Each structure stands twice: as C-alpha cells, then as structure tokens.
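The following block contains the structure, expressed as structure tokens.
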C-alpha cells in the first residue's frame, strides 16, 4: 500500500497495557494515539496545547468519526499521518490515518472536528491556528 | 430536558483520574463509558462479552461517531442510555447518549456500529444477538 | 473472610476495558481504583480534591506499596476499604484493601503515603486534613 | 546527575492524555511506563510476554513499590532504566528508575516483584527467565 501525503507523520509502538482481553488494542486507545499525534503536530508548528490551556484557550473536539479497518496487536509498530483542514469559519478538522508498519495496512481512518474556545468559553480560532490553514472565509 | 426512551440505562460517576489538564473528562474516556454500558447491557440480555471472546466470537466495533456536546467534570454523575438497532444483515448499531445528572444535559451523542466475527474471523451474527433485534433481512 | 473495620468503603465493578490480554485487570488499574476511593472518601469528609487543586494545594502521593494477592476478572464486583493515618508531621498514609465481592477475597493490599504541597510547592498539611487525623505531633 | 548502569534503558515522551487535572502525569500512568519498559526488555532477551500468555505462562506482579520523587509534565521526555534480579527461587525483581531527560532528574524509583505461573496456576520460573538471572539457589 502506498503512503498518502500527510502534513505530519509520527511513529509509535503498541504497548501491552493498551491491549484488552481480545488481545488487540482497545477501541478507545486509538483516540489516545490520534490525540497524541495532533498535539505533537501542533507543537511542531508552534502551538503548545498545554500553554494554550494555561492561557485559557481550550482546543476542543466537537465530533469524532473513526472507521476501524483492522486491529493493532501486541508488538505492532504503526504510524499516524494527519492533515489539518479548515471546515468553516469556526471549525477545523484533522483527517488522520493509523497505519501498521512496515506494510502500511490501514488500521483506523478518522476525522476529528474541533474548535477553539476563548477565555469566555466562546468559539474563536486563535491567529496561530488560523495561519496554519488555507482559509476561504 | 426530558429523558428519551432507552432500552437500557446505567449511571456512573466521573473519576478524577479520567480528567485531563483541561479539568474535564478526556475525549477518549467517553468511549470507555460507552463500551462499559454496552457490555453491561449485553450481559443483562444474556450475552457475556468475555464468554463470547473465550469461545472465539469477537464482537467488534467497525465505526464510531461521537458528537461532544458539553464536557463532564470532576464530581459529575451521569447516565448512559442506549438502543440497539439492526443496520444490515451483518451489522448492528448502538445509539448511545451520555447525559449529565440530575439535569440530563447532553454530554455525548454516539453511534457505534459493530459486527461479530466468528472463529474463522468472518462476520456472522450469532443467534443470541440476532434474537435481540428487529430483523427485516 | 471477615471484613476489617474501615473508615470508608466503596463498591465498584470491573469494566472490560480495564482487563488486559491475560483476561485480568491490569496492574496499573488498581491504582486508579485506589485513587478514586481516596478522593470519594476525602469528599465525604469535606475535602474536594479538585477545589484544592484549583486553590493551588496539591495532594500528592510520595510512595505507593501494593501487594497483589489475587486478580480481578471481567464481571467481578469489589470493595475498596480504607483507613487514613498520620505518619509524621508532614505525611499521612492510606491503608487500602481491594476485596472481591461477595466473598471478600483479598485482591490488593496497599499503603499509599502522601503529603500536601502548598501554593509555593512546600509540604504543609492543610487544617482540613489535619483535623481528620489523630495527631501526636 | 550521573546515570546508573542499567541492563536496559528505553526513552519515551509524556503524552498529554496521561496528564491529570494537576497538569502532571497521573500516578497510575508510571506503572504503565514501567510495565512497557519491562516487556520491551524481556522481548530483547527473547521473552515475548504475549507468546508466554498464549502458552498459558503468566508473568505476574506480586508486589510493587514506587517512590515518587518529582512529577513528569506535558512535553517532558524521559528514560526508564531497569535491572532484573533473582530474589528467591520463585521470585524475581525489577529495579526500575524513571528519569527525566535531558537532566536525568529522578522521577520514580520502583521495585517490582514478580513470579511466573505455569499452566496450572502454580509458581514456576520458566527456563528462558531462569537463564537471565544470576541464581544462587
């Protein structure tokens, strides 16, 4: 399988405590992988999730869609690739794929829609995020 | 807010270790809540997830859609309500709502699509599950 | 087995996502159970972990000792019993037992030593905690 | 601080979902880090935890002692170093340190005592493990 062009890719290993009694990574754990990939990506482009939180700017997920294609198992290594897209004036989406290595077999395909809440809890995309995305609005 | 008619409802409390640095329950944890509610429901209707797994029958999630409406916080109590629906000959879906108590404020609305894999890894809905659902196929 | 006299007891159910590939509750999860029991106990005596954190008072664990006696499995119900003891002017300990129900079979026996850090990060037992414990110092 | 001589060392990064409302890695998560380091180490010396489990040989923890020295935070990188020691004919112990990078500041010092249960649930150290350890018995 060919790897799609991602804006950012990170590699990780399955840890045994992430596997459940079926011997595979538990469904909820993929959301952990996806979140970690998003936060590391944001950091590489200058957005520190923790610093934002401390300033009262909360990046929040408003919708998650995950298609489970095949499970990861103990001992597997995998990549998370992502692209970030502006979906509307106040929303952005991460298109994220989890792919098993070294064969790039699809594990999870996800679309994670988010927004940013300012200090008064109102949606407002901070300039640092705005700059990252092609913005037709 | 009025409570919708659910086939099954379970109440739980937020545990502090489930909250992240934003002071709210981490996104992935809601999938834990939803899974627990499904497994307890299935047990009440005679389907033991663990016994199925040991027999080589794996109930698996193939798609998850979660709409995050408002976050749960430390100290919150909540209910998970669910309905199970046959979606196609080999697929079923759980429509699940997480609602804060006592005001029934919507927290997460989810649609979790699953199937069942038999001992040879092929989709096959076991009779015990089939019986639970209205089945036009 | 007879139940020991605890200052506080809470009952919980094993959730399937807490079980690992050995089909038993993963070792680290018992620390989650123990923490949850401590926080609920503290709340019943007027100490809200979250409110403390927001005031800059951090209750922290400085040592954990856990003896694993027998594992919990999918479907098990259990109790966590605890007693809180002053260990020194700046330290307190929770003696906590996890016991399977309904036979009170010992699962984990733990000693969790903690202190409290004030807003400047220095150990200082707040009055609300001090009052809870017999204090020979 | 000087690094001690460990039989095995692995480096990892804190993931934001591992941090709790105090903004630091939750106490139970360090047990996840320690377990992962043990399993990777065992694999490098030819012992696959999952393959053992499937053969009915269960490596189990019977006691865990953790001294929490200083917390890890969002963005921190750290190393887990370990040494494995035979403690008695049927017990072994991992001495494990978690150290923040790049300054090697001690985070957690742990002693994890384990045994191995054979297919009948009786303690028995398999030859592959026995070979790893200096054995005065």
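Order of writing sets the labels: A, B, C and D. Residues in every chain begin at 1.
Here is the rule we go by: contacts are C-beta pairs under 8 Å (C-beta built on N, C-alpha and C of every residue); 3 or more make two chains touch, one makes a residue touch a chain.
Because the structure is predicted, anything quoted here is derived from the model rather than measured.
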item: Chain at maximum distance from chain B, centres defined as averaged CA atoms; value: D
item: Classification of the chain A:chain D interface as same or different, half of numbers criterion; value: same
item: Between B-D and B-C, the pair with more C-beta contacts; value: B-C
item: Distance between the centres, which are taken as Cα means, of chain D and chain C, whole angstrom; value: 22
item: Length of the line joining the C-alpha centres of chain B and chain C, rounded to whole Å; value: 29
item: Intercentroid distance (Cα basis), chain D paired with chain B, Å; value: 34
item: Chain D: positions in contact with at least two other chains; value: 16-17, 19, 21, 23, 26, 28, 32, 35, 50, 74
item: Contact graph of the chains (line, ring, star, complete, other); value: complete
item: Chain C contact footprint on chain D (complex, rising order); value: 21-22, 26-29, 31-32, 35, 50, 53, 58, 60-68, 71
item: Residues of chain D touching chain A in the complex; value: 15-17, 19, 23, 32, 35-36, 39, 43, 48-50, 73-75
item: Partner chain C, residues of chain A touching it in the complex; value: 16-17, 19-21, 23, 26, 28, 74
